[in-house]
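So, here's a batch of structures to check.
Two complexes follow with chain A in common, the first pairing it with chain B and the second with chain C.
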Partner chain A sequence: MKIEQRLRRCLSLHLPLSIILIFVLFPFYWTLNTSLKFERDIMKVPLKYLPNPMTFQNFIETWNNIGFGRYFRNSLIVALIAVFFIVTFAVLVGYALTRFRFKGKQLMMFLLLCTQFVPGVMLLIPLFIIFKKLGLISNLGSLVIAYTTFQLPFNAILMRGFIQNVPYDIEEAAMMDGCNRLQAIFHVVLPILLPGIIATAAFAFISCWNEFIFALMFISRSDLYTIPVALHSMQGEYDINYGYLAAGSIIAMIPPFLMFAYVQKYLVQGLSAGSVKG
Partner chain B sequence: MAKVVFEHVYKRFSGGVVAVNDMNLEIKDKEFVVFVGPSGCGKTTSLRMVAGLEEISEGNIYIGETCVNNVAPKDRDIAMVFQNYALYPHMDVYNNMAFGLKLRKFPKSEIDRRVKEAAKILGIENLLDRKPKALSGGQRQRVALGRAIVREPKVFLMDEPLSNLDAKLRVQTRAEISKLHNRLQTTIIYVTHDQVEAMTMGDRIVVMRDGIIQQVGAPLEIYDHPNNVFVAGFIGTPPMNFLDGVVKDDNGKLVVDFEAFKVRIPEGKFKNVRQYLNKPVIFGIRPESILEAETVRVAEEDVVVATVDVTELMGSEIYLYMSLGNHSFIARVDSHSKAKDGEQHRVVFDINKMHLFDKETEKAIL
Partner chain C sequence: MLRKTAKKTAVLLVSLLLISASATFSAPQKVKLTFWDENAGPNRTPYLQELLKRFNKANPSIEVEYVGLPWSSSKQKIDVAIAANSTPDVSGVSTNWVAEFALNGAILPLDPYFNKAPDKKQFAPVHIQAIRDLVPNKKLYELPNTFNANLFWYRPDWFKEAGLNPPATWEEFFDIVAKMTDKSKNRYGYSIRGGSGSVNNLEMLLYAYSGLTEYFDKKGKCTINHPLHVELLKKYVAIYGKYTPESDITNGYKEMVANFDNGIAAMIMHNIGSYGEHMQTLGPGKFAAAAFPVGKLGKRTAITALKGYVIYKGTKYPAESWKLVHFLASAESQSYWNQKIGQLPTRLDVMNEPWVSEAQHLKLMGDTFADKKSVALKNPQYLPDYNAILTRLDPAFQEVLLGKRPVEKFLNEWASAMEKAKAEYDKVFNKK
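Right, the complex of A and B next:
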């Protein structure tokens, strides 16, 4: 009886999950495998499922000669500056939406949600024209502005959920202890909010890091490419060096991978914050 | 240490809700005053106005000689203990208590002295390096008290500080707060909806309802001489019994007639009651003022025979839920009473402790 139950459980749950897991992980494995092979081995038939002989040459070439170091730096600058603005504004908007009573608050919430219904692609041309008039085309500043604008509503709503979970009594207690409102926010609310801030920052960072369309449209100088655009540009019309492309993809994955590993628990908290009272 | 004065204070919320309505009160220096009343009576709002956490719509509040209407909470020199403790979760107990002093830039040695002294008074010396989440409810409450004590403020404000504790701990902490007041000799304003807390702790009680002060007085004064039906019913457990009757002249003597039975009004009180002759009144009597006929010597005409519906044994005493005609009432008698459920029992109303209220205004006549 028990064996039958186990078997049924295995067939109905573990087997499908394992198949999905393989399906999800296979591209990662294949990219890593390709990035560690010599160029001559990549397309060799029969296919090699392990990089033997193994080489790091693709990584060295991609980083030094193709200029991935520079693209990596560009992506990092854009993402970090955008994340700084996104988190700062998200805290302020989230705080105002949680703690203050003002006219049009519901409307503002509605508008914030509405922004999420508009696909970014629809706004590409107007944005391009605006940035062109401002002289921001081929300027990383255009990406910082675009990312901050597009990421802010979602992250502000997320932050609102976190702030709602900080009892107002604690702020009032701080005010009785001698803080003004700003001091209460800095000394008490922000430290309590830290997991939420980390979660929001991680969401924002990953979205900025992976963004492709805006970066492709607004940046035309190759030395200002971000990583997604650089990866795209590596696909030539007649020739694709799969080894470099795979190595570039692996490099691009490292920051989000590390971030997810570190902030995983906060991300889950962030998604569920405010949904259940407690 | 300072007195607190409410001078024609109003608090109106948007939507026309009047939470506090023309509040006038003087709380003396070093006095322990308890605001008591049901939910929504305006007691917490009044406290928050003293704290500066709620704006005053009209009127003035003075702490000491200073009108504090426009003074920020941090500058009022008061400390508050919140219902849910409101400890800073990211700080340990020591820093929770020291936070207010650090903000006021006290020297380190002074902060250390005060925190350790307060911790000693409250018996939490061994918890100073713990975070609030590692404390029990009672310990958190002590830390919240400690945070207030170290500041040595002019006035302590306490907003239902015991309501999150279990019954046993509540009784224990109740006594400790009273002891603390004796020791610190600071003005305390304490808000509670629990009339037992109000009776046991306060030098004076302020009973509130719908934003209006119903009565201010010493606990026993309020218990013995309630101003109106609300105060009479709110203070005391089990609550005072109220029976609708009519004042009648019975051969030259005034009585309250309940149709099924009559209760004599003491001659000394005729003067106040005569104007209510043949008018409906509310007769009030506390459960302990209904005595078993066997235990007292009274005239047979004063004995009321009622049916015992339910008995509730409380240990040292027993509550008899009785009914007679359309009326029902509770008597609190000795636990050795022979009263039994469903049987008739002979009781006497102690007329010297009776209360009469105007049926319309609900104000006390006697």
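Right, the complex of A and C next:
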């Protein structure tokens, strides 16, 4: 009986999961495999499923000569600062939308949603002109502002869902004990909200980290490029350097990979919390 | 006490002003030019940067800032820069962008400088004329430094094994494609470009097959739906899936080139630009170039693609920008650049250099264009909608490949889109 149960569980759960896992992980494996091969071996038939002979040259070249070290730093600066602002504002907007009653609240929610329907590309030229007038072209500040603006509505709505989950009674209790509203937010609401904040920050980080079109348009200095722009440059009109492209992709994957490994537990908690009453 | 401080501050300020003023007078201001490379990447950027280094050394009063743009979005970036009046001084361009930029008043005519250039006769007149023909005022808006053309890449080792030669006629082409297919070995005679850029690729093949040299006839009718093109396209569609991989329907250039370099296809039609990739993956002796057979009407029609440099209207330093453009298109620069990227120069003196005849594909192209039967197709790159129409037709070509859209209907739609664009163009420029 036990064996039959195990077998059934294996067939209905572990086997499909393993197949999905292989399906999901294969592109990662292939990228890593390609990044460790010599350029001449990448396209060779029969295809090599292991990088033999192995080389780290693609990584060294990509990091040093192509300048991924610099692009990595730029991406990190932009993403971290933007995430800080996005999360801060998202908490405040989310809090206001949850706790306060004010005229036009529904309209504001609707407007926040509406911003999601406008593709960023449509606004490229006006945004470019605004940043130009502010002297922010070829300045990482323009990306921080653009990312914060475009990411804020979605994340504020997400945060509203999380804050709704925090019972108001706790805040009231804190205020009864002498906290003012801000103290209640910082000392009581925020610690409970941590999984939600981490989930929001993770989403915001990934969106900022992967963003391409603004990063290309608002930056006209090669040394200020971010990683997605550099990755696109690996694909020329006539040729693609697959080795560098794969190595660059692996480098680009590292921060999101490490971040997700660390925040995974919060993320699942946060997502489910948000989804119930979102 | 307060007075003393005020005095001290005044003396300090005056001396600072004097120092800065003397610095201004003594050190000549460097002219700073911004250069946008429209097709940056690890296989090209280092060579262009080397050229810019040489330029900076030869012109110490000018400093060039290099900005590399990824090919996939460089046109979009330049378009936004034009719309926002934030263009660089100089950029690289594909010639098929030039008409649009010139009509928008974004770039400067180069004639005042070019006409005075001592080496102007070294630029192949056919290329200079092709660029002049892009605009109604026949001015020169681009100085070309690289020239690219389409050809067949084939596997000489496989051909030898099968006792075949590259196709000398179009009948042979279809014959070879069938003979080289061996599905048991996952080997196909040919790989079709069916995804992005497919119609552009197809256009070259259609005119090469027919040998028509004019895109519009005297009555202004587009020749793309000529009966010979219908004939070719029907044959072409028939080989899809039978002598080509079925996945060809989504092939962009990289997938098509990968089919060839992976040993899946015996032959592809691409341009000399993919030479580097074949060399890296297949190695010498395993790939070679073949010219298109002569077309049915007795001409070998080819579409050539030029690359060059333009100066933007917004530049504060047109003379210095010309210096840069002229330097990049000089004999020394063209020789270095085209050798490194494996393409053809646009100057007659560089075309005669030994390295051109030593590379099989370059020699072949040089000889082909020297042949009297070869004619460059006058495709209407001057139409601002030309590229957009070709791109828009890509999904329709996929339907043709799948047999969901008749060949005639597809070519008629193509012809009428081009005729409409031409009529609009003629209306604006009163050409009729």
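One rule holds for everything that comes next: the second predicted complex is superposed on the first by the 235 of 278 C-alpha atoms of A that agree within 3 Å, B and C clash if a C-alpha of one lies under 4 Å from a C-alpha of the other, contacts with A are read in each partner's own complex, and residues count from 1 in each chain.
Please note the rule applied: a contact is a pair of C-beta atoms (placed from the backbone, for glycine too) under 8 Å apart; a residue touches a chain by one contact, two chains touch by 3 or more.
Here the structure is a predicted model, which means the values were calculated and not measured.
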Partner chain(s) touched by A:261 [first = chain B, second = chain C, both, neither]: neither
Chain A residues touched - chain C or chain B, whichever exceeds: C
Which of chain B and chain C A:122 touches, first, second, both or neither: neither
Partner chain in contact with A:191 - chain B first, chain C second, else both or neither: first
Touched partner set for A:220, first chain B, second chain C, both or neither: second
Chain B versus chain C as contact partner of A:172, first or second or both or neither: first
Which of chain B and chain C A:182 touches, first, second, both or neither: neither
Contacts of A:237 with chain B and chain C, given as first, second, both or neither: second
Touching both chain C and chain B, counted on chain A across the two superposed complexes: none
Chain C to chain A touching residues, read off their complex: 34, 36, 39-46, 65-73, 76-77, 80-81, 83-84, 86, 88, 253-254, 258, 261-263, 271, 273-274, 276-277, 280-281, 283
Residues on chain B engaged by chain A in the complex (per definition of touch): 51-53, 72-74, 78-80, 82-84, 86-90, 99-100, 103-104, 147, 151
Chain B-facing residues of chain A, complex: 167, 169-170, 172-180, 183, 187-188, 191-192, 194
Chain A to chain C touching residues, read off their complex: 39-40, 42-45, 61, 65-66, 124-125, 128-129, 132, 137, 212-213, 216-217, 220-222, 229, 232-241, 244
